[in-house]
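Below you'll find the structures, each written out as structure tokens.
There are two complexes below, and they share subunit A, which is joined by subunit B in the first and by subunit C in the second.
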Partner chain A sequence: MKTTPDNSGDVRLSGISKTYGSFTAVHPLDLTVPEGSFFALLGASGCGKTTTLRMIAGLEEPTTGTVRLGDQDVTHLPPYKRPVNTVFQSYALFPHLDIFENVAFGLRRRGIKSVKKQVEEMLELVQLGEQARKKPHQLSGGQQQRVAVARALINHPKVLLLDEPLGALDLKLRRQMQLELKRIQTEVGITFVHVTHDQEEAMTMADTVAVMNGGRVEQLGSPADLYENPQSTFVANFLGTSNLIEAEVDTKNGDDLVLKAGGGKLVLPEARCSAPTTAGGKVLVGIRPEKISLTHADDAGEIPAGRNRLTGKIADASFIGVSTQYVIDSPVCDELAVYVQNVERDGRLVPGADVVLHWNPAHTFGLDAAQDIDAGTEEEVAA
Partner chain B sequence: MPFVNWLKRRLVVIAGLLTLAYLLLPNVVVTVFSFNKPKGRFNYEWQRFSTDAWKDPCGVADMCGSLSLSLQIALWATVGATVLGTMISFALVRYRFRARGAVNSLIFLPMAMPEVVMAASLLTLFLNMGAQLGFWTILIAHIMFCLSFVVTAVKARVMSMDPRLEEAARDLYAGPVQTFLRVTLPIAAPGIAAGALLSFALSFDDFIITNFNAGSTVTFPMFVWGSAQRGTPVQINVIGTAMFLVAVLLVLSSMVITHRRNKQKA
Partner chain C sequence: MSTLTEAPPPLAPATPEKKPARRRGRFTPYWLLLPGMLWLIVFFALPMIYQASTSVQQGSLEEGYKVTWHFATYWDALAAYWPQFLRSVSYAAAATVLCLLLGYPLAYLIAFRAGRWKNLIMILVIAPFFTSFLIRTLAWKTILADNGVVVHTLNSLHLLDLTNWLGWTAGDRVLATPLAVVCGLTYNFLPFMILPLYTSLERIDGRLHEAAGDLYARPWTTFRKVTFPLSMPGVVSGTLLTFIPAAGDYVNAELLGSTDTRMIGNVIQTQFLRILDYPTAAALSFILMAAILAMVTLYIRRSGTEDLV
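This part shows the complex of A and B:
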């Protein structure tokens, strides 16, 4: 079932934008999704990710720009003439047709007469062979979801679009379907473009993730790259948790920047800083909570040299099994988050204890201090 | 006490049966009296069993003519009101246009206004326009008052329809016509059917509006009313019984069909 790599499954968006009256849902954006990849558009609701997807499907006409599939310009083709299929949010299964006819719908509309074998094979792929003659409302949420995937995939589209396909499922089923979808994608080798607001889902499934915010792509890259190397406060906060500390560039030392934060110094590799690095310039120093080690203040002498250090006092500690999550108030920054694996627990690390936070400078990243430091945090997104 | 207990256990069934009897009693009377052989011109007292009227249902002058006229009017009124009403419903649900709110409430005025007032004003309108009273004025009036019922029935259905279903159809290679025929129409069908049935029933037995706007034309309800002044032929009961039987048969056959279909699938 694998398609030959003739690039006909590439999706190329150039200068594509969408405005409704005076509201701009999507600012002009360029995006290339390589054939056969699993691509995720990630962002909070209203960030323009679904509109972008609908423009690829042909359900919205872009205000400017072009949509190309491989070498074919499909910008002005109606959806029923595009070799693209969609798995809709809440599935949109036809309630008046049984499962077999739902899956056969696309084949029949293209005038294919003998659909039985293909439909049965497809229902086997999604493990629903027994349910062929049932109506959609007789199936569970997870089963309906699989019918929606089968109904789209049976047409061998160049690109499969998934609009929050797992949003209506409970957590456990969602995990299961994530693996299932990933398996199907690997098996059929079709380009998947997946829209989601769930950062974990995007990171688990996609090869490449585009983080969208306010109608723009904030950053694009592999999940690991986005996580380790965020280029904006939005990405740093939206994907996982980040500690962001205000600092000032002091000197350069080879490939590293030396920064002043409060009374202390922090080291940041220049290559990992997306802000201007002139001396005296302000930057936000970022570090992920699990990269930080905690040492009780009494043992501060044992910390190896060459690590970034901050002092602080434990404000709160919550034990969650595999790790303990600490909240630490430091003179340079309130409420620093630190996750420590529960390997060898130090009984002295309780609320009120004085501690030293330290980490390998290579894990530090630098962001432009002109941005909103809270962009992309849960409170900010919910507001 | 065993009797009280017996009663307690069957109270719901007994209440149900009594209600059913209350509903069906008039139909039973109509049916029984269609086999009567009345002495005078009035069919109000039971005399003796006879099938005369059933053997000669059109034996009364002008009755079958008026019946056929009523059926024709009901049919065309149903077609007209259903087509127009369905289109209005889609427009009201799917599109945002100026005066949409006003149209939404105006459409229900015919249902709310006393029928006799409407009938009189329609007559005034037709007379001022110089229209010839008869088949066409009746049909126009019937389509008008059936419309609100169709819109009510269809709108509820269209409103509960997920617009993504049509998007899904277009995404799956169905053009606009195919999308409408394969997805939109079948899903709206129960609402449309309910509106159509209601229209047929309302148009077929409408008396007040028809009587005002019929001129010299006589529909079946007008015939029954007219003959009730001078005497009621048994054939009226025959027609009533026949219509009741047709309705029951339609309901039964649709039940059988659904039952069989479900059985096949299981």
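This part shows the complex of A and C:
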């Protein structure tokens, strides 16, 4: 079913924006989704990701800018004329039609007479062959979700848009459907644009993720790239957890920056710092919790040289099976998170113990200190 | 933790405490039913039985009536008044269709397009109920009067020639013609059509329209394939709420019609109150009831609304 890449499945947004009265839902935005990719728009609710998706679908008219599919300008085409289909949030299946007719809807509207074979094949693809004559309300949430995907995919759209398609499912089913959707996408080779607020979902499924915040794309890249090299505090906090430490640029040492934080020094590769790095300037030093190792203060001498070090006291420890999550009270930051794999557990690492945190400087990243340090954290997003 | 390890509370001591509560609870539904049931028995069931017995009585006002199981009254009544029956059904059907044609767009507008005007329009739809049915119908006498605006307009557009030819009007008049009666019925029962239509349209998830559009349905196709089928419960209850009272109505035919537009309601009224032939009037009432019941049953079966969610 794979089509030859002629770029007709590219989605090109140039300068599109959407304002409602005085509220700007989406600031002028340029985005290219290459054909055949699985693209995720990730962000908290109200960040403009759904509005962006709806502008691609034709359900919202952009205030400015153009939407192109391949070389075709579709900005002013109504949805029923666009070669694009949508999997709606909570599915929007037609309650008066059975599963077969729901899936056949798009084909019939385009005047295709013999739909039986195609519909049956599509129901097979989503493993719902047995349910063809049931009504949507007789199916479980996961099954309804698959009908919604089948109903959209059967039309062989150039782009499939998914608006929080897994939001209504419970956690276990969501994991299963993530893999299922990924499998279907690989099988049919259609461009998927997926809107979600779940960073894990975006990272599991997408080739490219655009993190949106306040109507703008904050950062765009592969999941690993976003996770390892966040360019803003929002991305650093919204994707996983980051420890952000305020520091001051001291000197440059080759490709590395030496920073002063609290009483100690930290090393940061200059290439991994997105902030201006003049001496005396402030930066936020970031490090992911799982990159940090914990050593009891008594064994501090055994830590190899050349690693970044911080001292602190264990404030809290929670055992969660594969790892133990520590909260460390340190002079530079009172709530540092550290995740330690439960391979060889040190019995002395209990709340109250003095510890040394250390990590490979290559894992450190630097951010502009002018930003809100809490942007994108759970508390901030919920507020 | 302790709740898990402890044995479940012994059942024996709990049971005697629970019993009286249960016994009281067992009768609660019946107590709740009682007022409504009493009302129905006194004001519906008893009069029905009385009517039924009247319909098979014979006699006269002077000598008194006696139950003689004279079922021939039914056949005689039907034989004498079948044209009025037919007229009632056709007038009611015409009014129902008109109500649907006028009411559907309005209900659609209120449900999907009215925005902040929604409540105002709803109030306007219900507003006529604040005036008496009789007064409203009398007002239509003025509206359709021989020298009124409506007749003038129809005349100047030569539409009266058309309605004359169709047999809906006669001469240069609208008043005292079938058209006037149907207009009155339509006007009086329109809210009964709009309200259920609005309720069922309003319940339709707006995303279904978006989904239909996304799946290549043009707006009109979306209406035909999604909106209208989903509004069927409203269409069915609206047409029933219009048709049933319209078929038995006599006020519109009395005030806006003539002797040529008499509906079965007028016949029953005359038989009861002027001719004082109670058995015939009762028999006619039962025939009307049975006919409507049969038509409604058939209609509901055919429209298949039980299949809708």
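Here is the rule we use: the second predicted complex is superposed on the first by the 383 of 383 C-alpha atoms of A that agree within 3 Å, B and C clash if a C-alpha of one lies under 4 Å from a C-alpha of the other, contacts with A are read in each partner's own complex, and residues count from 1 in each chain.
We take it that a contact is a pair of C-beta atoms (placed from the backbone, for glycine too) under 8 Å apart; a residue touches a chain by one contact, two chains touch by 3 or more.
Keep in mind the model is a prediction, meaning the values are calculated, not measured.
Colleague: After the overlay on subunit A, what do you see for subunit B versus subunit C, clash or fit?
Modeller: Aligned through their shared chain, the two binders clash on subunit A.
Colleague: Is A:321 touching the first partner subunit B, the second partner subunit C, both, or neither of them?
Modeller: A:321 sits against neither subunit B nor subunit C.
Colleague: For A:133, is the partner it touches subunit B (first), subunit C (second), both, or none of the two (neither)?
Modeller: Only subunit B is touched by A:133; subunit C is not.
Colleague: Using the superposition on chain A described above, determine whether A:301 touches subunit B (first), subunit C (second), both, or neither.
Modeller: After superposing on A, A:301 lies clear of both subunit B and subunit C.
Colleague: If we overlay the two complexes on their shared chain A, which of subunit B and subunit C does A:98 touch? Say first, second, both or neither.
Modeller: first
Colleague: Looking at A:347, would you say it contacts subunit B, subunit C, both, or neither? Reply first, second, both or neither.
Modeller: Touch partners of A:347: none, neither subunit B nor subunit C.
Colleague: For subunit C, which of the listed stretches 5-13, 95-103 or 149-157 runs into subunit B?
Modeller: The segment of subunit C occupying space taken by subunit B is 95-103.
Colleague: Does any part of subunit A touch subunit B in one structure and subunit C in the other, and if so which residues?
Modeller: 57-59, 78-80, 84-86, 88-90, 92-96, 105-106, 109-110, 151-152, 155
Colleague: Which residues of subunit A touch subunit B in their complex?
Modeller: Result: residues 57-59, 78-81, 84-86, 88-90, 92-96, 98, 105-106, 109-110, 133-134, 151-152, 155 of subunit A touch subunit B.
Colleague: Within their complex, state which residues of subunit B touch subunit A.
Modeller: Of all residues in subunit B, those touching subunit A are 162, 164-165, 167-175, 178, 182-183, 186-187, 265.
Colleague: Quick check on the complex: what are the subunit A residues that touch subunit C?
Modeller: 57-59, 78-80, 84-86, 88-90, 92-96, 105-106, 109-110, 135, 137, 151-152, 155
Colleague: Which positions of subunit C touch subunit A when the two form their complex?
Modeller: 205, 207-208, 210-218, 221, 225-226, 229-230, 307-309
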